[in-house]
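Shared between the two complexes below is subunit A, which pairs with subunit B and subunit C, respectively.
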Partner chain A sequence: MADGNTITARGIPAAIAPPRAGTLQRLARRRSTLAFLMTLPLLAVIGGLVVYPFFYAIELSMLNKRMTRFVGLDNYVFLLGRETFQLVIFQSVLFAVSAVIAKALIGFVLAHVLHTLPARGQRKWRGMLLVPWVIPPAISTLAWWWLFDPSYSAFNWLLAGIGAAPVPWLGDPGWARFAVILVNTWYGAPFFMIMYLAALKSVPDQLYEAAAIDGASAWQKLRYVTLPMMRNIISITVLFSLIVTFANFDIVRVLTNGGPQDRTHLFGTYAFQVGIQSGDIPLGAAVSLFMFPLLAIFAIFILRGVSRRTKEGL
Partner chain B sequence: MEGSRITRRGALLGGAALAAGTTLAAPYVHGQTTGGRLAVGLWDHWVPAGNDAMRAIVNEWAQRNRVDVQLDFITSVGNKLLLTIAAEAQARRGHDILAFSTWLIQDHHRLLEPVDDVMGRLSQKYGKVNPASEYLGKVNGRWHGVPATSGSQYKGSEARIDLFKQHVGLDVQAMYPAETRLGPEAENWNWDTFLTAADKCNKAGYPFALPAGTFSDATDWIGALFACYGAHLVDERGNVTVRNNDKVRQVMEYAVRLFEHIPSEMFAADDATNNRALISGRSALIFNPPSAWAVAKRDAPQVAEQIWHFPSPKGPVAHYVPHLPFFWGIWNFSRAKSAAKDLLEYMSQREQVARMVDASVGYDIPPFESLTDLDTWATVEPPKGTVFNYPVKPHHNATPGIAYAPAPPEIAAQMYAQGIQAKMIARMVQNREPLERTLAWAEREIEGFRRG
Partner chain C sequence: MAQVSLRRLVKKYEGDVQAVKGIDLEIADHEFVVLVGPSGCGKSTTLRMIAGLEDITDGEIAIGGVVVNDIPPRDRDIAMVFQNYALYPHMTVFENMAFGLTLRRFPKDEIRRRVDNAARILDIGELLDRKPKALSGGQRQRVAMGRAIVRDPKVFLFDEPLSNLDAKLRVQMRTEIKKVHQTVKTTTVYVTHDQVEAMTLADRVVVMNNGIIEQVGPPQELYHNPTTKFVAGFIGSPAMNFIPARLENGAGALRLHLPEGIVLPVPPERTKRYAPHAGQEVLFGLRPEHLTEEKPTDKANIATFQVRPEVIEPMGMETLVHFWLQGTEVSARLDPAVPAEVGRPLTLAADMNRMHLIDPRTERVL
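Moving on, here comes the complex of A and B:
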């Protein structure tokens, strides 16, 4: 029988040799086991709140309206034939792509401006510029709603002050789309700013010095030094933001409720209207799952670029 | 330090004590036991006194029947009530009794205990239930929810006495006096008169605040307008009747003319926009329960003194007034069905109804026409009698209606949630789409709602 007290390692006296651990103990001492155990609560949360609902949503989306019969992909086919849903797909893409581009551009400019500020002043500005991102979006959107209010818009009050005609911010389909994109950009740009600022700080100064010695202009430094060094962080940030923006709910819900004439509905808000408010949960689940293949396509393209550049860098 | 060490056993004991303490602190209305337990989720009333009155009523019943009642008031703000109902329906557990708004009895009737026995006794005592409540509360001839007084509302005219006199030349108090008779002008209170009034008030700078989005205030008054013209988009059998329907064409043409006098911002209005317009003195008329008047009484008393409530206009075919009933339903997975039925029957008695109406300053509407004679509506002021004609009374010769009826409720509920009629108007007014294209769009949309 293997007895820890009597079996010793070669050359070590039995009295001082450590007792040999059993399989379970050895397993418990392994760092990977410990790491797994420590991530177990997180895995349980993800399993319970992400994986299970995801598969449950797939199951729901394949049932009939009364949830009594399996209908396969009928709900998806039905949705694709609907004019309103085609509008929702277009709007979701328009909303996400234009908001992410705007956020990326504003974040990029802000990050550069901040980067050039002295360290003391930078901290203050950084804190202030992050404010939109730390306010819960439902609350900040409510404030925006007051600014756009159909009857008492603060913006229109200002416009009236200079003799301009009032703008139907939320009543006209075009302006309403602009309003929801604007609010999303306002909310999300600080995230891009902080990510880009971190990336800028990691670019070695020597590269700029070398470029300066070579006589590079400011534009050339940006084009041939900064951008290549930031490419991966830009890609990851854009992907992350696309996912979050596609899945947006609160801004549209508070600001326009999908109107006017469904012209600001996104997947999330339309799924809520169809699934919960109209009592068709399977169809609502199908609407929300439409996001998945679209985001998968974006993710594949973006992550493939990141992976290629990482390999080139090795 | 020895004293500050937390042992595993100590932590477990502490946790157990905390759990026990939390359980014991659960918010029971009453605790005399022996009669069982009942979990009740009611609508959180806009009027704070409404909850107090309801709590007192439930408490009395609980004392009398020695039942432990856990009473929750669930707000409809942010769709909390809607989400609670959806979650409990999925989980097959939760409250025994829940408040169900407009279409939710139809949505969840398979999980709701039939209450024909309760409704039978109540109908015997108080007569017929109004048609909108019957349409929404009955499935295949069986009641699946008890029409509730608390939260049920009409959305008739809520208009300025002074502005109508000055700009329209119409005395709304004389037209609908605070008595059980109609004034001489009531016969002419139709949608054509309304159009003229809308034009005059708009020119005077007090446009009617008529929302035309997808919120319920918009859906309800537009639904009543369509019904007054007999313009049903879907018939009782579920046939789509949009095209080749002269009545639909007629009402659409009327709506386009009406919206020439309504601010374009109303296409983005929510359920509060119209209230604010009236309270701020910028509008001469809205379609609403007296909640706007109640806020004006507090914040703008000079406006409240000039507000009068009366039915919405009649149409060439019928006179429908928008009605939005609430229901109380019992889940069929409840273990206290008989106690739940007993409580609902108690809450629906005349004495209890009178208390709810009084606490809500006349806002709440009982489902029985015979209960529309309560004193509260005659005494509320200012001005005295302002809400006398808020409930639809027999002498009004009007019918409480819900938008999209008489379509089969499973189709109507979807049309209602998606505000099809308002979108039809928006397409013609905002996009200037031809009528034919608008009707074709509506037909395609509605066809999609027929899937089973």
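Moving on, here comes the complex of A and C:
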């Protein structure tokens, strides 16, 4: 027993210890080293543009208004106690969740409609439906703003046409929230549509044929074949869109600028108002950092499902 | 279970591709029918029309006496096994097999009973909780068959179910399919381009070519009495030799004049049948297995002639010898014990009882 141990203990290092000469050369030739070297530029970019600003923001958020003194978590505590900020949290969640649900539903329906069109007509419609997504949102939101405008509003003109009372689209908190969600949905639905269309095309036709023979109706094919096959792409698009929508800035900024009475502020616009317009940069940094834990929770849940399904081979 | 009738069935695809050109076929209850033919001959199209996955351009399909032209697949009570299995990747083996029954609202214990029974027949009881990704090709094949069996449908449809398997597994699964059919006895339509599969599985083989049916019959009949040159050449491996020849009538006996001065006597029993064609150019058809070394037999109508082999292929259980008669390649199957050498004259014996004569213009067997 003891003999055996000694042999192994002495044997292993002798076997794998490389000769001293050429160690560096060998290291350079290893695939993993090469891969690391080749990703180095990307790592530098990520470090400079993501990691550094992130930690800098954390540092900033712990300073006082003049950025002369370290105040710990005071900014966060202050924010949580403020009613406007509680409103901003609620509004951001409401905005992101309802806009993402609406975008996903509309995108799904559009993708299905497109998928059933014959190939030639499909390309034309696909192009047209993508338009909202390719126009810079600041510009298209201006057009929407004009449609909502109280005195020249095209919508109110239509309402008047059917004899209904005019709606204060951007003046009333409820309608203003509806308006920003509507515009965001209009802007983002084409992204879902194109992703779902690609996913639909990747489901093998034979699965639908097998389901048809197994006795599935159109609805049951959707329920038992299409949806399960698309679960990963749905999860990932929803997560991606949640992140982007949560951090939305331009639509609210152009359409309502957070008003009326701060009732449409999101994290992004509120951080801008507090940090840049009112000049309290540390407080603004604290506002935007509040997004991080919320999004992290979403991401963990969604990505866990994705990786489980990937392991099962979907 | 039911019979299947195809009547003047036609399929035109967009762009005027006529894939099926009016075929008639009666498939009896419990029968195992194999559609066989070269790629693109319309086998899959025919099968998919029976399944209801393709519209019927013209003609009629009846299952169990009911015309199903306008009945969707789910109401036709058929089950299909696809070439790449088409298992639902997000469902376990059990769920895959149970799906059709679940949709039809079968009670849970009935589903359990049927799936277990099918799993026992196919020997996949251990795999019921796995997802298709965790199965081998042969296991997926079994699950796909299980999905068909549990439904207990009127008709099974198979579209080249074995072509994704390796050679050894294919032979094994072929036996398996035959066994399953003997157990459940469901009427089966099976598509393949492999004539060995067709011969071994079928009660009746349907040879298709170019959208039409060339010949229908039991495997042995297609082998011994093909009615067209296509069937004669398609069934059997290696393929039948076709040698241009002239049929001559000399002194009451018919003779075949082959290239290079070879003359073979036609058996007297065939004189009446071939006499009207005397003096014509014909194609002489003889399978390689009927062109062998000389054997010490007393069988009548064996004709011998000498050739110079040009290619010799030892196969183990036999040796294939190839030679050319004025540009026509001819193969013979010899006992491996026969010493054959390239270029050395070799005496071959043609079993004229097995000969075929084909009219080269109509390509029909005379």
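To be clear about the criterion, the second predicted complex is superposed on the first by the 268 of 314 C-alpha atoms of A that agree within 3 Å, B and C clash if a C-alpha of one lies under 4 Å from a C-alpha of the other, contacts with A are read in each partner's own complex, and residues count from 1 in each chain.
In this section, contacts are C-beta pairs under 8 Å (C-beta built on N, C-alpha and C of every residue); 3 or more make two chains touch, one makes a residue touch a chain.
Everything quoted here is computed from the prediction, not taken from an experiment.
Asker: Do subunit B and subunit C fit side by side on subunit A after the overlay, or clash?
Answerer: Taken together on subunit A, subunit C would fit alongside subunit B, as the superposition shows.
Asker: Is A:Pro41 in contact with subunit B, with subunit C, with both, or with neither (first, second, both, neither)?
Answerer: Neither partner.
Asker: In the superposed arrangement, which partner chain does A:Gly72 touch: subunit B (first), subunit C (second), both, or neither?
Answerer: In the superposed model, A:Gly72 contacts neither subunit B nor subunit C.
Asker: In the superposed arrangement, does A:Gly259 touch subunit B (first), subunit C (second), both or neither?
Answerer: It touches subunit B, and subunit C stays clear.
Asker: On the superposed three-chain arrangement, identify whether subunit B or subunit C touches more subunit A residues.
Answerer: B
Asker: Just checking: does A:Pro228 make contact with subunit B only, subunit C only, both, or neither of them? Give me first, second, both or neither.
Answerer: second
Asker: Which of the two partners, first being subunit B and second being subunit C, lies in contact with A:Leu170: first, second, both, or neither?
Answerer: Touch status of A:Leu170: first partner only.
Asker: Could you look at A:Gln273 and tell me whether it touches subunit B, subunit C, both or neither (first, second, both, neither)?
Answerer: A:Gln273 contacts subunit B only, not subunit C.
Asker: For A:Ala210, is the partner it touches subunit B (first), subunit C (second), both, or none of the two (neither)?
Answerer: Once the two structures are laid over each other on A, A:Ala210 reaches subunit C alone.
Asker: Give me, in Å and rounded to a whole number, the least C-alpha distance separating subunit B from subunit C in the superposition.
Answerer: Least C-alpha distance after superposition: 49 Å.
Asker: Which residues of subunit B touch subunit A once you look at their complex with the stated criterion?
Answerer: Those in contact with subunit A are residues 79, 82-83, 86, 103-104, 106-107, 110, 213-215, 263-270, 273, 276-277, 282, 410, 413-414, 417-418, 423, 426-427, 430-431, 441, 444-445, 448, 451-452.
Asker: Of all residues in subunit A, which touch subunit B in the complex?
Answerer: Touching subunit B from subunit A are residues 64-66, 78, 82-84, 150-152, 168-173, 176, 256-262, 273, 276-281.
Asker: Per the contact definition, I'd like the list of subunit C residues that touch subunit A in the complex.
Answerer: Spelled out, the residues of subunit C in touch with subunit A are 51-53, 72-74, 78-80, 82, 84, 86-91, 99-100, 103-104, 131-134, 147, 151.
Asker: Help me check something: in the complex, which residues belonging to subunit A touch subunit C?
Answerer: 204, 206-207, 209-217, 220, 224-225, 228-229, 231, 309, 312-314
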